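Down below are the structures I want you to see.
First chain A sits with chain B, and in the next complex the same chain sits with chain C.
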Partner chain A sequence: MFIRIFLLSLFICSLAWGETLPTAVRDGSTRFLSRSLGSACYTLDSVQRGLPCNPAVTAKERARRFDADFFAGTQAEYLKEAENLLHGNSDEAQVARFFSHRESIEAEVSLEASFQAPKWGVSIEPYRLVAVSRFENPSLPMVDLVIAEEQSVKGQIASYIHDNFYAGLQARYTHVRFIGDYFALSEAMAGERDDLFSAQELDLIYLEPGFLYAWEDLPWQPQISAVLAHWGVSSHKTEQYPIQPTGLLGASLRPVVPLGLLELGIQFELASETRNVRDAFRAALAYQLGILQAVLSVSDSDHSAGFLLAYKSFTTGLSYWDQNQNRGVFIQLGVTL
Partner chain B sequence: MRVILFAAFVLFLSCASWGLERELSYDGEAHWNEFREYVLQQQKEEERKGLAYMISGTVAAIGGTIGYHQSEEIFSRTIFAITSNVGLAAIGLGATYYWTGNETDSFFYAVDGSSLTLHQKNELLARYLSREREERENRRWIRVATHALIAAVNLYSASQENSSEMRSLFYFLGGANAIMAVSYSF
Partner chain C sequence: MALVSRSTMKTKLQITLFAFTLALLSCQPKEEPRTREKALSQGFSMMDQGRYDEAIQYFTELAQKDPHKHVKLALASAYAGRAGVKIEQIYSFVAVKSLPSVTTIANSRGVEEGTVALMDTLARYSEQWNRIPSIDTQKLADLQRALKVLENDTEPGVRLYAATLRVVVLKSSVTVGLKNWQKTVSAKFCRDDLRAYFDWGVRILENVELLCEDLQAAFPQDEKRYKDIQNRVQRLQEDAGKILWPRENLCL
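Our next item is the complex of A and B:
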C-alpha cells in the first residue's frame, strides 16, 4: 500500500500540469464554423455564421448581416455539473457524479451575437462554457481537466488592397475564469478538493491579421488565404491558455455545379504543437442547396461532418465531431437578419 | 443552460416577424424597360430558388425523419425533428417561389399588358416605386424602434436584477437588440 501511494505521488509530481486546451477550443472563430470546418474555416467562406474566421474576408462582404447563435454540445448534464464545479457549488456527491463519466469529453456551450458590414464587423460572446477532460490509467485513474467560462468581444476591419488582394485584422479580448489541473481521481474525492478546484482568472488579448487573394472573376473563384492566429498577450502565463501563434495557409475553389454552391478547400496549419507534416493538413468541403448546407472536414487526427438548415431568418444545425477517443455532437440554433 | 435556451428563444421571438417578407429590392431609375428586365431576371432567380428549396426541403424532410429515428439523445432528436418539419415547410415555400409571383409581379403584368404608352408606364412606375420605398423606409424605422425599445427594457431589467445569471441574460438580450437596432438604422 505504502509503495503504491509513493509511486502515485511520484507520478503526480512528475506530471503536475494541467491540460493545454486544444487549439480548436482556444480558437476565436464562430463556434459552428470552427467545430465543423476546423482550421479550414480560415479559407472556406461560403458557410456564413457570425464573423468570418479570416478577417480579410470581411472586405469581400457586400451586405450587412446580424447573426445570433446558440451553440452547444449535447452533454448538457455534464456541462451543468462542470459549471457547478467551476463556481464551487458542488458537494462531495456532485463531484463524485461528475467524475463518474469515465471517458474523455470535450464539451462546450456558447451564445454569440455578431454584426457584419462591408469592411468591418463586431461580435460579443457573453457566455461560453468549455469542459475538457481526459482519463488515463484505469487502475489508478488520473484526470486531466479544464473547465473554463469565457466572455469575449471581437472586432474585425478589412480592406481591399490591390488586384484581388484583401487584408484584415481581428482584435479579440477574452476574459476567462477557469480551473485546470492534472490529478489523481482519489485526490478529487478527498479533502484537497478545494485546492484542486480553485478558480483562476485570466485576460487575453489577441491581434490576428489575415490576408486573402481571391480571383472572384474566374469561374471557379479560387482563393488563397494566410492568417496568423492566436497572436497576443495574456495577463499571466498558464498551461491551459498558452500564447502560441499559429500560421494558417489555405486554398479553396468553387467548382461550377448545375445547382447549388460547392466549395472545396485545403488548409495547412503550423503551430508549436504540430509534430509532423501530416498533422498540419486538413481538407474540407461545403455544399449549399436551398435551405441546406452540408459541411465535411477531415484531417489526420480528427474529422467532422455537419449541416445547417437556414429557413427564412432561422438556422438550425448539427455537427458531428470525432478525434481519437473524443467525439461529440453539437447543436446550433441561430437567427440571421 | 436553461437560461441560455430561454435567451435564444426570446431572441428568436423578437426577430420572428421580420423574416416573412419578400421585399422589392429594385433600386434603379423609373424606366419601364429596365424594370421589365429586372422583374424577368428576378422571376428566373425565384424559379431557381424555388427548385433548390423543393429539392433541399425533400432531402431535409427525409434525412430529418431518418435521423430522428436513428439518434438516441434528446438534443439531436429535437434538431432532426425540426429539420424534418422545416424541410416540409421549405417544399411549400419552394413551390410558392416556383409557381406563384408576388405583388411586384402582379403590378408588372397589369401594366406590361396594358395599352399605356411607355411614358405613362414610366410615370406609373415612378409612383409605385416611390410608394414602395416610402413603405420600406417606414418598415425599417419601425424595426429600429422595436429593437431599441426591447434593448432599453432589457438593459433596465439588467440594472435592477440581483441574480447574476438573469443579469447576464438581460444584458445579452439588451446588447443583441441594440446591435440590431443600430444595424437597421443605416
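Our next item is the complex of A and C:
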C-alpha cells in the first residue's frame, strides 16, 4: 500500500511541474556512485564510496568508515572540439557540429570527505566545480550556461523500524556561487558580456527521506527502496537551481554466483523532467571480485560503466558514460580509513 | 499477538502518511517555469528540422506576444537560416578576430619593403573578405527582413547580430554589383549605366554607415573609433552628393 500511495503522489507531483535543469548539477549523492550507477545508486548498495545515496541504507551499516575522494571528468570530445574552435582551427563542418550539440555538456571536479558509523554519517564537500552548457538554434546559437562553485555538508540518520523495514533521512546544505544565464552567442561577444557573467550566491537546504525493505535473511537478499530526493528550500529563486523533488523507487537482488558478489537492480525515477515511461527506468549491475568492483548502468537515453580498484586503503576508479553520442570519462581517487 | 500486529499496522500507516505528506508538499511549485526558453526551444526544433517557414511563422506570432530581444533574435535568425546564413558561415569572420596570415609573392620580385607590407595587409583583408558568405538576390530579401526585425533594438548583442547580417548583405551586394559592372564595361556603356552604379555605390556607403552605427551600439567601449569611421563615411557621401553629372548621355 505504501509503495502504491508513494508512487501515485509522485506521479501527481510530476504533472504539476514544468521544465527542470540537469540533475547532475543538483544531485547530492556521492559523485562516483551517481555518475557510474545513475539513479540506480539509490537501490544498489554493494558499491560503497562516501555516504550511500539512500539514507536508509545507513541503518544497515555495521562498521565505521572514513572516505576521502577526488573526482573529476568531462566530455573529452567536446573539449577537443572547443579547443579547435577557440584556436580558429575548425572548418565550417566542425563549427556546425560543435553548435549542433543539443544535449547538456557537463564538466565536474569534486573533493569530498565522509565518515560513516552504524545509523549515522556525515560528509563534507569543501569544493566542487560544475560547468553545464547547452546550445540551441543552428543560425545564432543560444547558450544555456551554468558554471558553479559549491560547498556542501550533509548528514544522514537512519534506523531499523520493523521486520525488514528501514528508514533514514538525509539533511544537505549547499552554498553555491555561480554564473549562469541564457544568452545568444552575439550577446557573449558584444559589450554586454560583463553583465552576463556576473556571479550570484545561493544557499540550498534539502531534506531527503529514504526507505528500504531488505530481506537480508533470504538467499538473494532482495530489497526495495523508495527515496524522495531534491526536496528542500533555497534562499532565493533561480532558474539554474530549481527545487524540484524527484521520486525514486527501486528493487535489487544479489543472485548467488560461484565467484564474487553480484547485485542487480532496477530503478524507477519520476521527476518533472520525465517525459515518458521509458525515460523513468534504469537497470544496473554491480559485481565485486576481490579488489575489483565493476558497475554498469543502462537507461533508454544513456549508459554508463565504471570500476573501482582498491589496494589497502587506496581506491582508484574510472567512470565512463555515453549519452546521445556524447561521451564522458571521470576519474576517481580515494582513501578509506 | 494481536496487539503486536496492531502496533505494526499503526507504524506502517504512520510512515505511509509521512511519505505521502512529503510527496504532496513537494508538489508546491516553487519556481516559475521557464516559459520563454521553452517557447523558443519549440521554434529552434523546427529550425533543426529545416522547417524555416514554420519557424518564421511561429516566432512572428511569439514576438507579437513577447517582444523580448531573444524572441527578436530568434525570428531574425530564422530568416537568416532560411537564407542559408548559419553559424558555420559567419563564425569564422565574427569570432576569429586575428586576420589570417597570408604571404604574397611580391617579396621575391624585389619590390620595396613598404609595398610588400601593404600588399600583405591587403591580401590578409582580402582573405578575411573571402570568408564572408555571399548569397543571391532572392535570399538577400530574407536578410533584409531579419534586419528589419532587429532595427529598433539597441541591445549590444542584438546590434552585433544585425552588424553581422549587414556585412553579409554588403558582401553579397558588392559581389553582385561587381559582376554586373564587369559585364557592363565589357561592352559600350553610357552615362545612365554609370549613374546606376554610382547610386549603387552610394547605397553601399549608406549600409557601411549603418554598420558603423550597429558597431557603436554593439561595442560601447569602442564607440569613438566607430564614430570616427562613420564621420569619414558621411564625408564621402557628402562629397559624392556634390559630384556634377554631365547633362547629355555620353557613351564610351
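By definition in this document, the second predicted complex is superposed on the first by the 280 of 337 C-alpha atoms of A that agree within 3 Å, B and C clash if a C-alpha of one lies under 4 Å from a C-alpha of the other, contacts with A are read in each partner's own complex, and residues count from 1 in each chain.
Assume a contact is a pair of C-beta atoms (placed from the backbone, for glycine too) under 8 Å apart; a residue touches a chain by one contact, two chains touch by 3 or more.
Since the structure is predicted, the reported quantities are computational estimates derived from the model, not experimental observations.
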| item | value |
| --- | --- |
| Partner chain in contact with A:137 - chain B first, chain C second, else both or neither | second |
| Which of chain B and chain C A:245 touches, first, second, both or neither | second |
| Contacts of A:300 with chain B and chain C, given as first, second, both or neither | neither |
| Touching partner for A:337 - first (chain B), second (chain C), both, neither | first |
| Which superposed partner A:228 touches (first chain B, second chain C, both, neither) | second |
| Partner, of chain C and chain B, that touches more residues belonging to chain A | C |
| Which superposed partner A:111 touches (first chain B, second chain C, both, neither) | first |
| Chain A partner contacts - residues on chain C that touch it in the complex | 8, 11-12, 15-16, 18-20, 22-27, 29-35, 37-38, 40-41, 44, 47-48, 70, 73-74, 76-78, 80-81, 85-89, 91-92, 94-96, 98, 155-161, 164, 218-221 |
| Contacting residues of chain B [partner chain A, same complex] | 1, 4-5, 7-8, 11-12, 15-16, 18-20, 48-49, 51-57, 59-60, 67, 73-76, 78-80, 82-83, 86-87, 89-90, 93-94, 168, 171-172, 175-176, 179-180, 182-183 |
| Complex contacts: residues of chain A adjacent to chain C | 1-2, 5-6, 9-10, 12-13, 16-19, 85, 88, 90, 92-93, 95-96, 99, 102, 136-142, 144, 161-163, 165, 167, 182-192, 209, 211, 226, 228, 231, 233-234, 237, 239, 242-245, 247 |
| Chain B contact footprint on chain A (complex, rising order) | 64, 66, 68, 70, 72, 74, 76, 79-80, 83, 109, 111, 113, 115, 117, 122, 124, 126-127, 259-260, 289-292, 307, 309, 311-314, 316-318, 329, 331, 333, 335, 337 |
